[in-house]
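Supplied in structure tokens, the structure appears directly below.
Letters A, B and C mark the chains as written, and numbering starts fresh at 1 in each.
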Amino acid sequence: MAKYRLKPTLSGCMLATAVVILVAVGPLLPASLRSLLIDIMIFSIYAMAFDILFGYSNQFSYGQATFFGLGAYGILLPVLHAGVNLWTGILIALVLCVIFGLGLGFLSVRLGGAYFVIITIIFNMVFYLLALSWTWLTGGDDGLTFTVPPATIGPLSFSLYNPVVNYYFALVFFVASYVVLRRFVASPIGKILIAIRENEERASLVGYNVFRYKLLAFVISALFTGLAGALYAIRTRYASADYFSIILSGEAIVWAIIGGSGTLIGPIIGVAIINPIIYYVGVFWRHYLIIIGLLLILVLRFSTKGIVGVVKSRLAGRRAR
Amino acid sequence: MVPLGAEFTSRFLFVLINGFVWALIVALVALGLSFIFGLMDIVNIAHGDLYMLGAVLTWYGLAATGNFWLGVILATAVVGVLGIGLERGALRPVEGMPAYTVVVTIGISYILQQVVLAVFGGSPQKMSDPFPMVIEFLGVRYPGYRILVAGVSGIALLALWFLLFKTSVGLWIRATMQDREMANAMGISVNNIYAMTFALGAALAALGGALASPIVQVFYLMSYDLLVLVFIIVIVGGLGSLKGTMVAALIICPLESVMTLFVTPTEARVISFLVMAAVLLVRPQGLFKAWR
Amino acid sequence: MTAQGKVILETHGLTKRFGGLVAVDHVDFKLEEGELRAIIGPNGAGKSTFLNLISGRLKPTEGKVIFKGEDITGLPCHEITRKGIALSLQLVNIFPELTDFENIWIGAQMRFKHRNPFVKAETLAPIRAKVEEICKMVGLYDKMDEVASNLSHGDQKLLDIGIALSTEPSLLLLDEPLAGLSRKEFAELTEVIRELSKSKTIILIEHNIDAVLKLARKITVLDRGKVIAEGSPVEISENVKVQEVYLGRRR
């Protein structure tokens, strides 16, 4: 029988439990752990967005940081120069990413394969280099800081300079993103994306306009990447050309693949395993990247489906006995 | 405006020759990358770090033996052998799946950079010029070492060509690149070819780094600037085309070099990107067709 | 039987050139609703190319394809599928890591207007029912939860036809469905095709003369891209030109 049919319920329960715990411990956490968790939640959104593109519709992009940077500046610049409120700022960032997602996607999705990666690298580098040289707009390498407006819900106003507020703010978006994307992937449209991943030609022969669906995946990925970028700008109260860095594009790839691409929970696991190493090992050993490097090599030696794949095959093995 | 006259001409010639010298070195590195991708679909993010390792090991070789060229040979050989280990140990499970090779080679890159940082240190080191003669011609005083490097690179490229097209090993490599199944059926040990090709690609990168070490500074992050350039060249030349890689290197490197007379290096790199985009718009497969 | 005499598919002067090679050469073809037409011919006769042109996988160099009175020449294949033509290729073309159920689901879902992106696909009962029905039709009902790549070759061919059926086609194009099957699989699939022909119009490319004679009531013979004969099985087997092409001429 399909063992994977049990998995969603199992991982769903695990996640629900994890969320409850995260909600409960918010004010009790030590500051550094809270800080780490905020980063994990924001980067998880970024990694899940990449997974929609690569794990679910088989489009390998090495340029997702383009939208991360757009999301970050998309909220920073309006707030800095026009004093918009927080929600408007986030909305502007998202709309900006959708527009660029449609534009850039239209050009690149058509091509597919090797050309697709190359184009994503090109536009990532172009945005990065422009951000680096247009210091009047972006602050270049040094970047820009901004005052984060408070989160207002009706009559209530919460300052995001309060770390606990910042924590719950990230948590809400993280959970919401996961739920939305999980639902999306289980929907009829999600099924079509999976079919495209499995056999693009047959998906077309079965009556689907493959280009349209791949473009949709691209835009959704851009949207959530932009959300992550905006949340990160809020968290750091800062954005710089580095937010467009192609290295950041590479990190999304690493997180999603190491965790397990095409599972939506894999990217979260990837982020949750690698970032603590940076935080906790990094403080006392300068060369912590060696551990991460070994991790990358060893996990993929074991299973191309990443850590999720490793866990699944252990479970299957146990069941076989 | 652009000043003409004797001074400008000599500066122009200087950077132009620089560009060609650099093109030959970069061609070695880019060819290595092209092989590795062409045969095994490996997108080697660590390629720049193999170049860096070549430079670092040459530094140590020079310190140990007092002879620069011995250092170059040792560095190239060591990295070649390391390449075999990397292919067998880390890359075998993901060959043929470009996205996954990215992750594995990022891991390799982290390890190489950190090991060098730990052992060699984090400050860039200048290497002494192994051939401190200055050659004068056409009013240009040009460092003799760079001409020598260009010569050595040229010889290396010729040797590579000879290896590929005139030896049986080269035949096996080309055959396996074109049709893996057939090559297997004809008794060619595909696994050994893979290991050998990766070793060759790594050795080429290291050779490039070794030869470049007196010109640029030896630094554990040497790969950053080079890797993007090498990828541009391989893509413009046409993925999998060796002729294309050479031609692209000989166009782009001198171009970038000359551009630095007028614009900053960052802007020169932007221009290279625009050239790449322009070429791809007209010919999406790159300048030359792959022989795959 | 379905309406006799009503033409469901026509081609006029359909031609496909690949550089200098003419694969399909000005073919005029008429197919009536409810027919099971076999197309036979030696290798390289253009049979597969002909199906690819009708299904939209290839664009014709010249000529027209008319389906149910509508000119579908040059339309992209996903649109042609929506109009009611489904193609099952010779090389098995399935969704490997999905289960049989999911494989057929993809096509079965196609006609469903999924406006709500948050509905959980599995909850859609009518699609579920359709998938189960098709699984029964091709004989894969008890293997519904098997992962497609684990199936035997014969079962994968059944699955492939099931996927084609999932889009509710009026015209089914089968390119050598019986190739490479064991005797048992061959018998099973022949039965399935015969059952299908009662409710669907089918064009069948086959090399196996036994199957062709058993299933088809009318046969079209292609050679070098041209139609050289058309008629009942008896007529075709007595046709001199056909005999030449299969037995006589050496190329």
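Just so we're on the same page, a contact is a pair of C-beta atoms (placed from the backbone, for glycine too) under 8 Å apart; a residue touches a chain by one contact, two chains touch by 3 or more.
In this text, all values refer to a predicted model and were calculated from it rather than measured experimentally.
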item	value
Chain closest to the middle [Cα centroid of all protein chains]	A
Chain whose mean Cα position lies farthest from subunit C	B
Subunit B and subunit C, separation of their C-alpha mean positions in angstrom	52
Averaged-CA centre spacing for the pair subunit C and subunit A, given as whole angstrom	43
Centre-of-Cα separation between subunit B and subunit A, whole angstrom	33
Multi-chain contact residues (two or more partners), subunit A	none
Shared interface positions of subunit B, touching two or more other chains	none
Residue numbers on subunit A that touch subunit B, as the complex places them	54, 60, 62, 111, 114-115, 117-119, 121-122, 125-126, 129, 132-133, 250, 253-254, 257-258, 286-287, 289-290, 292-297, 300-301, 304
Touch list for subunit B against partner subunit A, complex	45, 89-90, 93-94, 97-100, 102-104, 106-111, 113-115, 117-118, 228, 231, 235, 239, 266-267, 269-270, 273, 276-277, 280, 284
Residues on subunit C engaged by subunit A in the complex (per definition of touch)	55, 57, 76-79, 81-82, 86-87, 93-99, 102, 105-107, 109-110, 112, 114, 116-122, 124, 145, 163, 166-167
Residues of subunit A that touch subunit C when the two form their complex	1-2, 180, 183-184, 186-192, 194-195, 198-199, 201-210
